[in-house]
Amino acid sequence: MAKPKFGVVDTTFSRINLGDIALDELRKFGFRAIRITVPGIKDLPVSAKKLIEEEGCDIVITLGWVGGTQKDLLSYLVLSVGLVMVQLMTNRHVIDVTVHEDEAESDKELMKLAENRVREHVENAVKLMTYPKQLIREAGTGQRQGSEDAGPLMR
Amino acid sequence: MAKPKFGVVDTTFSRINLGDIALDELRKFGFRAIRITVPGIKDLPVSAKKLIEEEGCDIVITLGWVGGTQKDLLSYLVLSVGLVMVQLMTNRHVIDVTVHEDEAESDKELMKLAENRVREHVENAVKLMTYPKQLIREAGTGQRQGSEDAGPLMR
Amino acid sequence: MAKPKFGVVDTTFSRINLGDIALDELRKFGFRAIRITVPGIKDLPVSAKKLIEEEGCDIVITLGWVGGTQKDLLSYLVLSVGLVMVQLMTNRHVIDVTVHEDEAESDKELMKLAENRVREHVENAVKLMTYPKQLIREAGTGQRQGSEDAGPLMR
Amino acid sequence: MAKPKFGVVDTTFSRINLGDIALDELRKFGFRAIRITVPGIKDLPVSAKKLIEEEGCDIVITLGWVGGTQKDLLSYLVLSVGLVMVQLMTNRHVIDVTVHEDEAESDKELMKLAENRVREHVENAVKLMTYPKQLIREAGTGQRQGSEDAGPLMR
Amino acid sequence: MAKPKFGVVDTTFSRINLGDIALDELRKFGFRAIRITVPGIKDLPVSAKKLIEEEGCDIVITLGWVGGTQKDLLSYLVLSVGLVMVQLMTNRHVIDVTVHEDEAESDKELMKLAENRVREHVENAVKLMTYPKQLIREAGTGQRQGSEDAGPLMR
């Protein structure tokens, strides 16, 4: 089987270089990616679609950074609906990694959370492309990306 | 008539292995299914569409687990809109089973509710595929999946 | 002109057999309908589309029952968006009749409201199919389905 | 150039005959229109699409009346999304005129606002169809339909 | 490579002539644009699509002005969803510049913010069309359009 082709899109709006982290993590698994950067999260859906349709990517990882206001939350909703549409129009997965500026108490904590989330979502994307049965083994185990796993509910 | 082909998709985010329950219930009715697991609920719509279009499923049961925050509720909205789009693009039913983490008072109660909901929705999917007229007989009877039926309003 | 072909979809979730009321009202106008029943309101859009595309219905009446929580309201939003999509994909009207569980003070009142709403919407569907000019005569008259008409604003 | 073909859709739900006002205003500009009336605002999108695709209208003016509850606001959202979809599916403008029941202090004021809004939006539709450069001249001038113009911000 | 073709759409609703600012900024980069003006923000999506499909624009900059009420916020949501759809239907970027009337303390401040935002977004559009690698260099640097950049988070 040919190696899967990964796409990565991040933003200049983000306060952390999420694209670099994603590329670094992909490298650990032996993969490279086509990477593009766009201004903000509302530019992500069409970028993902172009990577799939014009660059032949098999999967795209989008990296969004969302502010803390109500307007930012609306933009996040629009991003999410757009990414679902992209997937349904292309029959390809788009792994949506979003960091919300108000998720952590300090900058340091936010950086750690963001890095972990990107790396764990990249791992998910790699599993989807190379060994999807591994995900069945993790079904219902309460995986969380960027913070501690919730774990399975105990009987 | 050929046996209907069922698809089941669940998530690693879920804290209960909902996919196993669905497969078990389908087995009771004499059906098997193609099962895949994806990271989270926003990955469900494209997975359902791929099961229908690439694997030939006649119906798909998606099993989602939703956290209790406002952002989780937005993701649930996006999931729901996406599943409607999948159905309209394929003219196939997708039975959306969602468990909200904040629905029950205790873990034990949540596990019971989740299991019942999955089993009752699987039964609905089986009826839709094999004997849809049975559903007409239940029209207006206040069926609920996972908790006690509301029942019909009494004159 | 050939008789128009009506479709009716209701749910097992509903606490009133709205489908029977719709069929009864259509009968008064001399029409029959293809009727199907599905579990809940999120199953209505694809059902309406299938009635149009696979059964040749010229118009579909969907009968939804909505609970009183915020999640129910989200499902209602998803239903409404889905029904608009069905209409735009088929160029056919879908008349959406929704009863909200929290609309009335008592069960008795709710049953009366629901029955009237179904019957008046069926009448609208019949007018759309057989004598649409009648609707122009009623333009701006403040028609309400299920409760008293608001009437036109008086100069 | 052939005369543009206008479509007008209003509702029986409205408490003012907005369609008559639109037709009267179009007449002042020397235009006629195909007019249809439907029960409520959720019936407007498919009606506009049918006027464009089945009746050959170049532009459609939809006239909606929206109640004051949260459910009404959701219907308004659905209407708006639907009208955007119609425009993107047909590459034709649909001018959406909406009157919200709670916009004015008195019936009299509401009637005046509604009439002005319809007439000014009809004028916009006529400009779009016949002399779109006039709109460039009004760019950034704070036009409002139905109430006093906000005007341009002053340096 | 042929020069990219820019489209600009603004509104008569806006209280600032945002289109003129965009054209001025494009001129500094040596580009001209096709400019159209429409009544309000809900007219922007189809206008952008027509500029791409009927006028051959490679990218469109839409310039919206949004009032401060809840209804205005809903219209902004509809605009945003519509612009995502345009991009996914055409595989072209649409740069959405929105000024919210309630963003600044004074008219003077709002005018400055609006002008800066338009100019910086035009610069983004130019980079996307001529030298997209420059955006990769700015990835994660916390760029903001119209106000001071947030900058990258410091370790």
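Lettered A, B, C, D and E in written order, each chain numbered from 1.
Criterion: contacts are C-beta pairs under 8 Å (C-beta built on N, C-alpha and C of every residue); 3 or more make two chains touch, one makes a residue touch a chain.
The structure displayed is predicted, hence computed values, not measured ones.
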| item | value |
| --- | --- |
| Euclidean distance of C-alpha centroids - chain B vs chain C, Å | 25 |
| Interchain centroid distance [CA atoms averaged], chain B/chain E, Å | 41 |
| Multi-chain contact residues (two or more partners), chain A | 77, 81, 85 |
| Category of the chain touch graph - line, ring, star, complete, other | ring |
| Ring walk, chain B to chain C and onward | B, C, D, E, A |
| Interfacial residue positions of chain D with respect to chain C in the complex | 10-20, 35-39, 42-43, 45-47, 49-50, 53-54, 70-71, 74-75, 77-78, 81-82, 85-86, 89, 107-108, 110-111 |
| Complex contacts: residues of chain E adjacent to chain A | 73, 76-77, 80-81, 83-85, 87-88, 91-96, 100, 121, 124, 128, 132, 135-136, 138-145, 150-155 |
